[in-house]
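Contents: one structure, followed by commentary.
Going by the order they are written in, the chains are A, B, C and D; count residues from 1 in each one.
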Amino acid sequence: MSFNTFGHLFRVTTWGESHGPALGATVDGCPPGIALDAAMIQQWLDRRKPGQNKHTTQRREPDEVEILSGVYEGQTTGTPIQLMIRNVDQRSKDYGNILETFRPGHADITYFQKYGLRDPRGGGRSSARETAARVAAGGVARAVLQSLAPGLSVRGYMVQMGSMSIDRRRFDWDQIGANPFWTPDAVAAEEWETYLGAIRKDGNSVGAVIEVTASGVPAGIGAPVYAKLDTELAAAMMSINAVKGVEIGDGMASAALTGVQNADEIRMGPNGPEYQSNHAGGILGGIATGQDVVVRFAVKPTSSIHTPRGSVTRDGENTEVVTKGRHDPCVGIRAVPVGEAMMACVLLDQILLHRAQVGDGPRGRIGG
Amino acid sequence: MSFNTFGHLFRVTTWGESHGPALGATVDGCPPGIALDAAMIQQWLDRRKPGQNKHTTQRREPDEVEILSGVYEGQTTGTPIQLMIRNVDQRSKDYGNILETFRPGHADITYFQKYGLRDPRGGGRSSARETAARVAAGGVARAVLQSLAPGLSVRGYMVQMGSMSIDRRRFDWDQIGANPFWTPDAVAAEEWETYLGAIRKDGNSVGAVIEVTASGVPAGIGAPVYAKLDTELAAAMMSINAVKGVEIGDGMASAALTGVQNADEIRMGPNGPEYQSNHAGGILGGIATGQDVVVRFAVKPTSSIHTPRGSVTRDGENTEVVTKGRHDPCVGIRAVPVGEAMMACVLLDQILLHRAQVGDGPRGRIGG
Amino acid sequence: MSFNTFGHLFRVTTWGESHGPALGATVDGCPPGIALDAAMIQQWLDRRKPGQNKHTTQRREPDEVEILSGVYEGQTTGTPIQLMIRNVDQRSKDYGNILETFRPGHADITYFQKYGLRDPRGGGRSSARETAARVAAGGVARAVLQSLAPGLSVRGYMVQMGSMSIDRRRFDWDQIGANPFWTPDAVAAEEWETYLGAIRKDGNSVGAVIEVTASGVPAGIGAPVYAKLDTELAAAMMSINAVKGVEIGDGMASAALTGVQNADEIRMGPNGPEYQSNHAGGILGGIATGQDVVVRFAVKPTSSIHTPRGSVTRDGENTEVVTKGRHDPCVGIRAVPVGEAMMACVLLDQILLHRAQVGDGPRGRIGG
Amino acid sequence: MSFNTFGHLFRVTTWGESHGPALGATVDGCPPGIALDAAMIQQWLDRRKPGQNKHTTQRREPDEVEILSGVYEGQTTGTPIQLMIRNVDQRSKDYGNILETFRPGHADITYFQKYGLRDPRGGGRSSARETAARVAAGGVARAVLQSLAPGLSVRGYMVQMGSMSIDRRRFDWDQIGANPFWTPDAVAAEEWETYLGAIRKDGNSVGAVIEVTASGVPAGIGAPVYAKLDTELAAAMMSINAVKGVEIGDGMASAALTGVQNADEIRMGPNGPEYQSNHAGGILGGIATGQDVVVRFAVKPTSSIHTPRGSVTRDGENTEVVTKGRHDPCVGIRAVPVGEAMMACVLLDQILLHRAQVGDGPRGRIGG
């Protein structure tokens, strides 16, 4: 089925196609009495907005969110919140040639195979524009988290572009907002600038790795077995367009560790247990330890490129595809606020689930 | 909440603790009229069974599955199938010392923080024994797949132990069943034998990477946005104990590719479109292309080790933890059949979802 | 939680308040390739529209539906369909006096107790305006049913107003569209006309019983135990505002029957088994028999009346409440198309569920 | 699909057939730290147990429940609780003749039409034995409610047998346990005794109406639109075997009331608002008012009767069916504890949902 909903209790259903009249998110299960207005959501959409610099698609969408329901006099009422974003700058003619052919590496062919038809304008539902709805919903989640988990912060940033990783020794939180790549490494930002310029000029594209860190996550949220915090995060990140891998803490590198290396040792601190390392990425047995929750995901290079690649037509003829139109040479850049939004939604959902089963806050206290 | 269920239509709820009287899986949504008996499920449990060689825990569980409902005269009836496995060899006294302390890197501490109490015997619900229930449910899924997608096969194998990867040029499907590590590389199997012996002798443990390949997956199954095939697989694999990373196709390495490299070019073959490569791991836009679906996941090293590590007691005192009892030096070995079971369950669930929305088989045909 | 979604596979989430900017329905899981446009949905909304005669509220809402997503060139694409209806004629000042007091028999007081705040304008989310969104979603369901179950028809009608029931001997399908009460009994329609005029003049209101009959329902849809067809219908109808009772077939009167009377005897007919009666309302063991599926539900009288009733203020003072504003003297009239919409949605959902588990059509054939 | 689960957060999945080796319930989402043992559940099963007097089937099942998981040292751990009841007294030969024919009014025919096969022994999954699993799960719900909503009580009783209703003026809570019909009217009990004896002697059966009252329900639980408290109760009761109608408060009789009659007037009392009547059955707009929640449901007469009724064979021949074997002449009697169990499960589920979204207790207080 379609299943365009995520979340168990804080349930977000996104809808809309790239070049339809509008897109949005239906947010159900939001607690009541939370201060919320369009501006609080708009700030996050503005971060994601295309056309802000030469490294993202030149499509110019204002991405203005309207709240159609669920908010009364600046407060959530506990009923569904409808967030709508009108599409404005649809230049569908740019995409005319893709109706009969399928871009290699793109969802064109599988949508056709699944449904027998598809909305080809701008990739339809498979477009990265769908992520605007996620960012809007994430704005609601953040507003609720401010109230339910005041110290919690969620921050995303790029740690790798193509084969070039950041140097962790240069990690500077303040750099993240100061460059077009949301990277904490100022030196990397400069190198990537040059690199990505060349990629774009070549009519090519490149992948990236995004990391999202949540600090101040209450110990005890999460669940064993299937609604594990890490399971939910893996699903949330893998559901973003073009993501092909997800890691928690040390991720794939955990395989190369021994048990002695991997054990995050614990010492008692003034406010409770303190971990000496964070290989686990803040999650043990699916449940938050209280440390930073750290997730990474790989975004593959944009499949819409100006370089010809072999493909087939709907009629079964071999052909070469060159995608015209405006595209991101590194779609990973715009995935940063999307990853943050997903993290915020998942954490809120898990906080609500925990509150349902156990009540507020963790149950077991260490050191009385 | 607890949420011990996975799947949308083929719904598996696992239950049971490591040292309770029994564990099992409640399987709802199974199609009727499928040939099924205990032996068909038992064969997969036997693959996973502990104590089969010196590389897995010496706990000796027969892991005999009983079918308590949903099958009549050798056929599924369409009603819930209850699969029960009695626990036999519980040596709970081995674990007595862990009630008051928390193993670093283990779910002991987070279960306590979440629930305020826990079943400490053998890790309770967080034990890898829970995966026996998954393997049993996977046996049901495989029986149904034989009928609904006859050409489909699901095969798991180990591709990395510690920092030692297989050599893909030596990949041999027939080797997988011929060594204790389920690896397709006979040379690696020998090296790992020596390596793991040393690890065990040291009272240490080590991680691993498992790959699962599904061949013959019908093009068109999957879904856009949140019930994507890759999303579901990521969730399924990340929900397995000790998994810290999941990759589809090229996975994290996709980030280092350019769009030109990443595009799996398509040429028309005698039976439809043929892909020239499989960077995508058989999934585009959340929907199966018909190529092999390839998933990899990293299993961290067992946290229960014989080497002392710093931790705290429930009373808040610093302490050193040494885990006694019988443990797997590389729990990744037993994760192979578990990964297969999860793949089988997810594919069946997606086939049922596709059938619900679109009917049998893919809708759009390429080349008339 | 809020849980404003119904359906398992054909999932409808309604959103919006009576006097907010808009309301609507997010429809997920719709099969692809179904002919659909706004006019096909509008016809059902027009049936429900208020202000059409003196027996319904004089609020004049055009209730024009816009399709914002999920349809391309007149066909459903399989992705979420967003249906939006702008609110136009909000005369909120009429409701000013109800912010501080609670109408007896109305959701005012419980919303306040639950959420601590509420949108008081026109009843906010608890208004019968929410049902416009259901009718719109029902229009989508009907379009799909035309394709998936061509002979299936869904028809609702009023069988009782106040204490006055129709005479079943005068039942005439063609009368239903010919009177303002959607009743199949022309004589009753005349009597009710006079009766309801008096009720309205008195500043009073009255309840009603609606019946919905579905013909051509495929035998075999439904499910045992919890997703029973009758369970789903009971939930669907009881979820409509002001409904206090739901009956399948003989309903509450079944209690007074003996087993001999209640047994719907079966005789073999030319096209399969034929039932000699329909006490069961077309459902046995939660599964459709192929007979007419018959559901009835009672709608209580509108709680917003012009007659003073004792209540309390938010501050805890006793008071008398008289509701001004425009209200339906018999809200049951407008519930007829809503009941039809819910029936259509439930039947489609069950057809999709059946198709998922068993495939198309019933499995077991009688008389082979 | 099968969908044998009910509840959103307190999720109960029942499994098992009448004459299979066992049946039971998988209970997920139970809060941790609740005192629970088998005896606490057994007391409710003992109330429902068949064979206790001549008015229920003479099948003798001890119905002993075993807790297989989720409880450690007398307390729930927050993980799934598996409740298993072994079937003991299966006399399947009694049912031999029903494999080839279909009992009129029974699920035999629809199961066959849906699935193409069925477990005919004792009705398989459609047997009333399934309700034993519900009663066991209800026992868990009651244990949790004792802790989460201490003043809450749930009591069921029979108010009508055949066409004979109780006299409400003789309503006496203490009578309920004192007669075989769980009726609060001692005079009715005597009359029914004679009546049912005659029915049984005739090889006939008769229907009944059960009422369940919950007192001490916290104001504010429930939800608008689809997870309404009344919606959930309607679904819960209609999901019980043989139920054909569900009413909340005045139920179907609401239709005959005017708005003036139906308004439950409110006056301020020492502890908050007090209602002067309870036409609404304790629920307004889907949310509990704090009054008694009152649900009624009609149970049709048992379809397995000793009187011949016309039916068809699987081969399509007309035939007469006489059911042998042991059956309840009034299956409604055993539905009393089942209705209570469903009420307990629904209320707990709604309390958890409310706690998730809003926190503990109602939000808005009347009278400061």
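The definition used in the following text is that contacts are C-beta pairs under 8 Å (C-beta built on N, C-alpha and C of every residue); 3 or more make two chains touch, one makes a residue touch a chain.
In UniProt terms, the chains line up like this: A, B, C, D = Chorismate synthase.
A quick note: this is a predicted structure, and the numbers were derived from the prediction, not measured.
Least step count on the touch graph, subunit A to subunit C: 1. When the interfaces C-D and B-D are ranked by C-beta pairs in contact, the top one is C-D.
Each chain's centre was taken as the mean of its CA atoms, and the one lying most distant from subunit D is A.
Per-chain CA centroids place subunit B at a distance of 45 Å from subunit C.
Inter-chain centre distance (subunit C to subunit D, centres taken as mean C-alpha positions): 26 Å. Between subunit B and subunit D the centroid-to-centroid distance comes to 38 Å (mean Cα coordinates, whole Å). For subunit B, residues touching at least two other chains, in rising order: 1-5, 9, 14, 29-30, 32-33, 78-79, 114-117, 125, 224, 352-353, 356-358, 363. Within the complex formed with subunit C, the subunit B residues making contact are 9, 29-33, 78-79, 224, 352-353, 355-360, 363. The touching residues of subunit C, when paired with subunit A in their complex, are 1-5, 9, 11, 13-17, 20-24, 26, 28-30, 32-33, 66, 68-70, 72, 75, 77-82, 84, 114-119, 121, 124-125, 352. Here subunit B touches subunit A in the complex through residues 1-6, 8, 14, 102-107, 109-117, 125-126, 130, 160-163, 199, 204-209, 219-228, 230-235, 237-239, 241, 243-268, 272-273, 276, 279-281, 283-290, 296, 298-305, 307, 309-312, 314-318, 332, 353-354, 356-358, 362-364, 366-368, going by the rule given at the top.
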